[in-house]
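There are structures below to look over.
Next come two complexes built around chain A: one with chain B, the other with chain C.
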Partner chain A sequence: MLKVKGISVRYDIIPVLEDVSFSVQEGQFVAIVGSNGAGKSTILRTISGLVHPFQGSIDFLDEPIQAAKPYEIVAKGISHVPEGRRIFDKMTIRENLLIGAHTKDNQAEVRNTLQEMFELFPILKERQNKKGETLSGGERQQLAIARGLMAKPKLLMLDEPSLGLSPILSKKVIQACEEIRRSGTTILMVEQKVTEILKLVDQGYVLQRGKIIREGKGSELLASDTIRKAYLGL
Partner chain B sequence: MQSAKQFTSIFGGVLVLFLVAPLIIRDTQFQHLMIMLLLFTTLSQAWNLIGGFAGQVSLGHAMFFGIGAYAAMAPLNQWGLTPWIGMAIGGLVAMVAAVIVGYPVFRLKGHYFVISTFAVAEVVRELFSNWDWVDGPIGLDAPLVEQGWRNFMFYHTKLPYHYTLLIFFAVVMFVAFRMERSRMGYYFRAIKQRPEAAQAMGVNITLFKQYAFIISAFFTAICGSMYGLYVLHIEPSTVLSLDISIKIVLIAVLGGIGSLWGPLLGATILISLQEYSRIWLGGTGRGIDLIVLGALIVIICVYEPNGIVGLIKRFSRKKRKA
Partner chain C sequence: MDLTIFLQLIISGLLIGFVFSLIAVGLSLIWGVMDILNFAHGEFLMLAMFTSFFLFAQLGIDPLYSLPIVVIVLYFIGAGTYRFVIKPLLGYTVLIALLATFGLSILIRNLVLFFVGPNYRVINESILAGKTFSIGGLYFSVPQSVAALLCILVTYGIYLLLTKSKFGRALRATSLDKDTAMLMGINTNRIFEITFGIGAACVGVAGGLLVNFYAVFPEVGLNFTVLAFVIVALGGFGNNGGAFLAGILVGLVTTMGGFFIGPEYKYTLVFLLYLVVITIRPKGLFGW
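Coming up: the complex of A and B.
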């Protein structure tokens, strides 16, 4: 579904990603883990067209997208839930969700998706007419994910959805991700919480200083000595 | 956001006030004040579409204002062409200028965007100052032509200017009201709050900024045409000056950026200050309005960044709680 081949990205002259390659198959739950500053968010920003690689290629459903504009990429079926939630504070929850569906012209379909989101995240239904700024951290994250899902993406990219959340809320958000995956949406997630996430995913990649240093099934990575030493302190 | 019913009743009241006031108060100074009030409210509302709703603070709107003024005045002056055609041409030229200017400047963000709009407007002012066909820095005087609607010249009454501007004011207010509630309005708010998140949602932010800029430029040019035909003399240092750009922005800041009624409230204070300080103090009072306005802006920025509209909302919330 998604094939990233040898991409390198720089911010001005500072290299952030170097020769990064990985792939995501349809229906998979894939995670890229790594410490702060490893370049995880940049990978997602590059796929969604917010930054462009100076080298390498990105294919989505066998079409090159490395030079495409963000709105073209969303229209192709990739939704990006950015780091730090980034919801629209001055808009109501309902308006936030509807912005997510702006590529859809069929209003009946939009209404149905909205109902699905309200079922997945009941708190959003309760508070649909409240402004985004009134939500707590966990609710904001639920809104950000729901907003990303409103476009009915084929691939949902989540940037550290558990960042800044309490362990209980973090667990809730990750449970929601599992549910989304069960409904058939492919997920690519970047995370710092290595243990929790690697238990769930089909495939994991470890990013260190802009390079993929290891890949494998989640359980394999968790069992690896390198990972245990570097990330789990074991 | 104001409900449609609330907007219609306030809008209706304001329209009735502007319809009736110049018929009741025949004082020409007052009628002049009303005309300037309508002109600057319309201008500021046109700016509000890009600056307030979409959050792209342009300090270059004098460029569109000047284009409109020259487009109506120059063909009338040189060929005797009816200014209505000039006005339409001015609006179209301003839209094209907005596309040409918008393409590079919308790649810039924040302060860089603001400075670039100011710089482009200064370039346009220099161009007009050195253009012989429009008499360079001397500017153009309206020719002495037969008065009436064809030439849009009225020598004994201000009412036609007032009512024509009232129509433009109503159109711009209606456009702003519709835009605020439209899909485009949602996108503008999203772009203003979090441009990168809006982009990640698939909103083509450059395109929507361009739309706002084009619509805003069109109405600004129409106001420029009206201004030229009303004051009968235009020159680059008046219609293309930074003063005009800043005044348009200050009105919106004072009244409340991004609000429907902010431009009218801001213009009521600023234009009244400007006109009455000029009338009462003459040349000696030049600039006093700006000193008072400066103080007001400082107070507003410190206590209520949402302007007078924000203050009104705050007081009505307190009243409801009490």
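Coming up: the complex of A and C.
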């Protein structure tokens, strides 16, 4: 579904990603793990078209997207839930959700999706007319994910969704992700919290200083001694 | 003092105030979305007035009828300014784009000066010009009343557009967080271009109406640019509702001050008000 082939990205002249390749198959839950500053967010921002690689290519559903505009990429079916939630604080929760469906023109369908989101995250229904700024951290993350789903994406990309959440809340967020995957949405998540996430995913990649240094099934990666010691610090 | 004169002053102040409001809302709209102060705003107003004037003088189209044409022309001037002047500079600091609008204002002013000369031009006879009506002993200038009414309507229309439409929602999202708006599938470039167009179309409405009671000359925009800046600052930068209210306030101050203290001081008073407010409330009267 998504094929990232040898992309290299620089901010000005500073290399951030070097020759990064990975792929996501339809229906999979894939994670890229790495410590702070490894380049995880940059990978997602590059797929979304906010940043363009100077080398390499990105194919989504067999079409090249590395030069596409962010709004074209959303329309093709990729939603990106950014690091730090980035809720529109001054807008209501309902408006936040509707903005997630900006690329959708069929209003009946948008209303249906909205109801689905309210079922998935009942707190959002309750608070729908409150401003985004009134939500707590966990609720903001739920809103950010729901907003991403409003576009009915084929691929949902999540940037450290559990960052700053209590263990109980991050567990909830991860559970929501599993539910979303079960309902047929492919998921690509980048995370620092390695153990929790590698247990769940079909395929994992380990990113270190802009390079993919290991890949494999999540459970295999967790079991591998080199990873556990040298990288995951377990 | 005579109550009639006082009420008369209030009426004049309000009527011109609504026009100021719309001009300022146009400026505020662009600022709110892009953080760019359009220094050519007054020159856009001047272009609107000249467009209206020449459609009247050359083709005999009454300013009231040519208003839609003027608004459309101004929309494209605004959108074109974004596309060809602002957008190419967006990779640099905002200051560069801001200076570019300053350069553009000088360019427009001097081109107009070159082509039509410095003379004042006035429309004395149009459907609206020079007419008055009275209610209960108070006189209302017809062109000013119509201008005020239409400016209120357009401002309200913009309010509805911003708060009730899908476009308005996308515009607000873009102004709150551009990167995230892009991730939502919003074509922010298009939002910027349309916003610039609408901002300019606002002065299109104002200019096309002002021409019925205000002289047209190449430097007419200067005053309005400064006034619009002051109004936007008084209202609290990026606060369109604040700009609307501050516009009315400035209308009242110029009219009252002009009468009680002297016409030559009417703008001095506005700037004094601005200095006082900005010192006490840096975020403006209506900014929080």
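The criterion applied here is as follows: the second predicted complex is superposed on the first by the 231 of 234 C-alpha atoms of A that agree within 3 Å, B and C clash if a C-alpha of one lies under 4 Å from a C-alpha of the other, contacts with A are read in each partner's own complex, and residues count from 1 in each chain.
Convention: contacts are C-beta pairs under 8 Å (C-beta built on N, C-alpha and C of every residue); 3 or more make two chains touch, one makes a residue touch a chain.
Predicted model only: the values in this text are computed from it and were never measured.
When the two complexes are overlaid on chain A, chain B and chain C occupy overlapping space and clash. Of the two partner chains placed by superposition, A:67 touches none, neither chain B nor chain C. Of the two partner chains placed by the overlay, chain B and chain C both lie in contact with A:151.
After overlaying the two complexes on the shared chain, residue contacts for A:90 are found with chain B and with chain C alike. Residue contacts after overlaying the shared chain place A:75 against chain B and chain C alike.
By the touch criterion defined above, A:98 reaches both chain B and chain C. On chain A, the surface touched by chain B in one complex and the surface touched by chain C in the other have residues 48, 50, 69-71, 74-75, 79-80, 82, 86, 88-91, 95, 98-100, 102-103, 147, 151 in common.
Of all the residues in chain B, the ones that touch chain A in their complex are 183, 186-187, 189-190, 193-194, 196-204. Residue ranges of chain A in contact with chain B, taken from their complex: 48, 50, 69-71, 73-75, 79-82, 86-91, 95, 98-100, 102-103, 147-148, 151.
Across the interface of their complex, chain C is touched by residues 48-50, 69-71, 74-75, 79-80, 82, 86, 88-91, 95, 98-100, 102-103, 147, 151 of chain A.
Against chain A, in their complex, chain C makes its touches with residues 166, 169-170, 172-173, 176-177, 179-187.
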